[in-house]
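Two complexes follow with chain A in common, the first pairing it with chain B and the second with chain C.
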Partner chain A sequence: MTSWVDVICITVVFLSLIILSNYRVAAMIRIFAIQSFVLGLLPFFLHAFCISNRDVILGVVTMVLKAVLVPSILFWAIRHVSMRSEVKPIIGLSASIILGAMIIAGAFWVSLSLKLPGKPASDLILPCSLSTVLLGFMIMVTRTRAVTQVLGYLIMENGIFLFAVSLFDVMPVLIEMGILLDIFVAVFIMAIVVNHINEEFEKNPASVTFSKMGETF
Partner chain B sequence: MLIFSHWIIVFLLAPLFVGVIAKVKAFFAGKKGPSLFQPFFDLQRLFQKDSVYSRTTTWVFRAVPIICLAAVLLLALLVPLGPFKAPLQFTGDIFLAASILGLARFFMIIAALDTGYSFEGMGASREAFFSCLCEMILFMNFITLSLAQHSISLSSMIGGNLPLSWKLWGTVLILVVGSFFILILAENARIPIDDPDTHLELTMIHEVKILDHSGVDLGFLLYASAIKLFVFAGILIPIILPIEPVNKVMDMLIFLGGMLAVSIAVGIVESTTARLRLNRVNHLLLIAFALGFFGFVVKMWKG
Partner chain C sequence: MLTLLILLPFISALGIFLPVSKKFILKLFIAVSFCHGLIVALFWMQRPPVEFNGFLVLDPLGLILLSIVSFLFLSVSVFMIGYFKHEPRSNRLLTVCLLCLLSTMTLVAVSYHFGLLWVSIEATTLFSAPLISYHRNQQSLQATWRYLLVCSVGIALGLMGTFFLAIAAHDVHTLLLPAILKGSSSLSLNWMKLSIIFFIVGYGCKMGLAPTHSWKPDAYGQATGMVGVIMAGALTQCSFLALLRIAQVCNKAGLTEFYSSILIVSGMLSLLVPALFILGEKSIKRAFAYSSIENMGLLVLGLGLGAVGLFGALFHMINNALAKSVMFLTAGSIAQKYGSSRADEVKGIIHIYPLTGILLVAAFLAGTGMFPFATFHSELLILNAAITSRHYCLAAGGVVCLGVMFIGVAKIVLGVVHGKPREPLLAKKENTSMNAAILLAVVLLVGLGLWMPIGLEKMINNAVKLIGAV
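Then we have the complex of A and B:
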């Protein structure tokens, strides 16, 4: 069963790398949904052959919330704001990919000196969650659209989820549920805010160019 | 003797491999498609024709088809094909493999420039750029595999007990296989990177460089690219499928099944994906490199 956990870990990191190298917001959201779905499979593989109710609840809630609800809200947001579909990276995509590979190596190097209190299900969980968090952080920093920054934040949260699952047995399920609810509310608020920015700009269209909508700077 | 059996396999099966890919693509398009042996008929037709040379070309242009064919035949000798061990193996032959590929590519580029045709020059420049990235991917994968197998000889790196260590190195090998598959598509000018069927000069990479070749020369180049694809698949298969030199017939069947699977996979990728825009190709190649690098990092992490 450990090998399946390993496969899920590297898939999650790989998908964050794909999101980093993508130039379409819609494709980014779709890949994020796949990543969340893969993460939602993780609790089923944690305890070999004895799946408890907690595992099922956490997995199903994660899948429904992050692979279905959050992406659909994001899709609603980009459709409603009708902003251009290409991301505007501060650094080029090629440079982002190379930087992402270096970040992964760095995360693995840093995790050499990190010791966990318990024994996680797989030794890849810690470095992979750290890489995902850092890649999400990088997406947040280097993309200028509001929606892509929220995506970066969500990928960071996916990384934290991966890490939390390794400590799943000692952590109350309530905390994880609370975090999931927070994420949901945060994305909801973001969608409303982006929508309001749009409406505000629509009132006086002469003062702002169309392409600036939904950008934070 | 071993050399000739290797070459016979390569000469017989490589065009068939291309034929299977064409068949899969025809199936996805809802067509019946040409016969599996169509590449053989095409080559036969080309070999019966004479070559036409432009007045601006020199001897380099005429020598290139032969050099390319010779290079891939030499490359084929380094790779184990099913039950037949690689006739040529020594420590460090991965560098020979990479430099043979580089040699063939260099002469292709030189020949393209030799014609003095602006589109061929564009193709040459694209090929030089993308192959530079391809070589990075190739070496990244070779480094990971050689670390896993403690050897820098190609045939002991990919053969032996590597497929049996999927339990141990599964995650590493998934990354290597994924990265190598993109490399196969890129090196052999298959669809997400380059379309082998298109003759639109503005977008093609590999095909544009053989525009001026004709007759026997073109036949040599087509044969060479078919063999190159076959040999690359031959490197990929021993990583995935266990081929133990116990039962020759069984080995051959496993090898042929693997070849069939790879050609079907390539055909599916070709018929389900669109060709990438030219300035996105390097992103795909860099992703393949990042995959290979990630595999290397995981290998180092696992010790």
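Then we have the complex of A and C:
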């Protein structure tokens, strides 16, 4: 089963790299949904063939929340926006891919010196989650639209989630659910704020503050 | 009892979604705040039993924070009576968010599991975000966005810290505080160090410590005074509780030196940065926000120095909350009268509203730590700790930064209080309940400055013992 865990880890990093190299917001959200779905599969493969109740609960809740509900909220948030693609990322596409590759290499290098106690399900979990977190950070920093920043935050959370499932037995399932719920509500509120910002922008496009904020939002 | 205390505000928040009148919402909020205050006061006589298999415990540290939260909500609820007399807008969303915030902050104070602590602190971020954009204009939306993004990312780092702690405590198999303290000898020190760094960066972000303070002036500048009080007085100190909890583990695991060196550096930075920015500031609320960053720096510095400094930090938690309540409530009352809190639009306030003018001066003195306000004593205790531990440069630098802050805030506040009076746009009379809420905090602050009740001193000493600093 370890090989499947490895496949999932690599896929997650690969998908974050694809998001990093994408301009179109809608495509980015779809790829994020796929990434979350793949992550939701992880608990089923973690404990070689003995799938417990908590694995099922965590996997299903992750898939429903992150692969279905969160993407639909994000689609709702960008529905009214006229600009559907990213405006001027701070770093160009090819440059960000190269930087992303360097980040992944760095994450693998750093995790060489970090040793997980006990027997982890796969050696790839730590480096892959670190690189996903860092790639999420990079998307947040280099993109200027509000929705893409939320996506960066979500990818970061996915990286943390990848890390969290590997030390599963420490957290009671209720608290795992609490963490997932918190992240879901965070995205919900962010989407509402994005929507309000869009409304204000359409009401008063020529205002002084928004000429500056057009970059950010 | 603890569950009841958490659920009471939450259930009443759900009740507000029913079609009820503005007056009823206000009355409900006041009733809930008073009930909460009453129950917390009873806890001072007798601590409630442990609930949910040790997940919810009220220890002296939690009780201090809980009392602060409860008092601030009480004084805000009294202030609100006057505020909504002149306010045409609906108070529904504001009250719902405030009540949910009360519920989650109570959970922060009593949670004894690091995962639960994270969940509740993240929940406070979410419920406080809609409060900042109460005015619903471009600037406030921008401030809300910045707050949400910076704090969410910060808290996400805190989550990573929590997971690293879980790895460090691999042999303990749980994140319950007493279990970790008991098995502190088996903690993996390298993972523990990583966890400490993430904890300080993550929760420090939410506290508004120096490198990650950028959301603070915007958010406090845009929020109404009442929200400013809750955020500066209670919310930031909830995250400080997370740092205190990890300090408990560090002291037990023998990592005190590592932990305190990081805290001292970030504390000094948080003293220095506001001192650099305050002099160019034009708005009262933004100036008070910088003062809040400085006070967070003092808290962290006190915790890092340990011994007397720790006592000072815990005492300063209480004083800071009271001072922030005086500062932001006065700023809120001025902002409502003039429709602005910018120094160039508000002038000569003492000639038109004498009492508010005097209160603003009191707020300035309390916030910058002048005698006879209790903030003076706690700041002195923290500086004293710096000197007794032979950090002479630290103490000198701290005094200089505090001095610059004093000058900066004085420049703005005295300009507003004196000068040629400008008639407010929305001329309103002084309001008794608004002033009463502010005056109560002033009286308490002066009282604590002149006389320390034995019960309080004992409680703080118990809390210091709990943290177990050397």
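The rule is short, and it goes like this: the second predicted complex is superposed on the first by the 199 of 217 C-alpha atoms of A that agree within 3 Å, B and C clash if a C-alpha of one lies under 4 Å from a C-alpha of the other, contacts with A are read in each partner's own complex, and residues count from 1 in each chain.
Note that in this section a contact is a pair of C-beta atoms (placed from the backbone, for glycine too) under 8 Å apart; a residue touches a chain by one contact, two chains touch by 3 or more.
Just so it is clear, the model here is predicted, and its values are computed rather than measured.
When the two complexes are overlaid on their common chain A, residue A:Gly100 makes contact with chain B while staying clear of chain C. Contacts of A:Phe45 after superposition: neither chain B nor chain C is touched. Of the two partner chains placed by superposition, A:Phe32 touches none, neither chain B nor chain C.
Note on chain A: of its two partners chain C and chain B, the one contacting more of its residues is C.
Taken together, the two complexes place no residue of chain A in contact with both chain B and chain C. Of all residues in chain A, only 3, 6-7, 9-10, 13-14, 17-18, 21, 23, 93-94, 97-98, 100-101, 104-105, 108, 123-124, 127 touch chain B in the complex they form.
Touching chain C in their complex are the following residues of chain A: 114, 116-118, 133, 137, 140, 146, 149, 153, 156-157, 160, 163-164, 167, 169-172, 175-176, 178-179, 182, 185-186, 189-190, 193, 196-197, 200, 204, 207, 209-210, 213, 217. On the side of chain C, the complex with chain A involves touching residues 113, 115-116, 118-119, 122-123, 125-126, 129-130, 133, 136-139, 141-142, 144-145, 148-149, 152-153, 156, 159-160, 163, 166-167, 169-171, 173-175, 188, 190-191, 194.
Note for the complex: chain B touches chain A at residues 167, 170-171, 174-175, 280, 282-283, 286-287, 289-291, 293-294, 297-298, 300-302.
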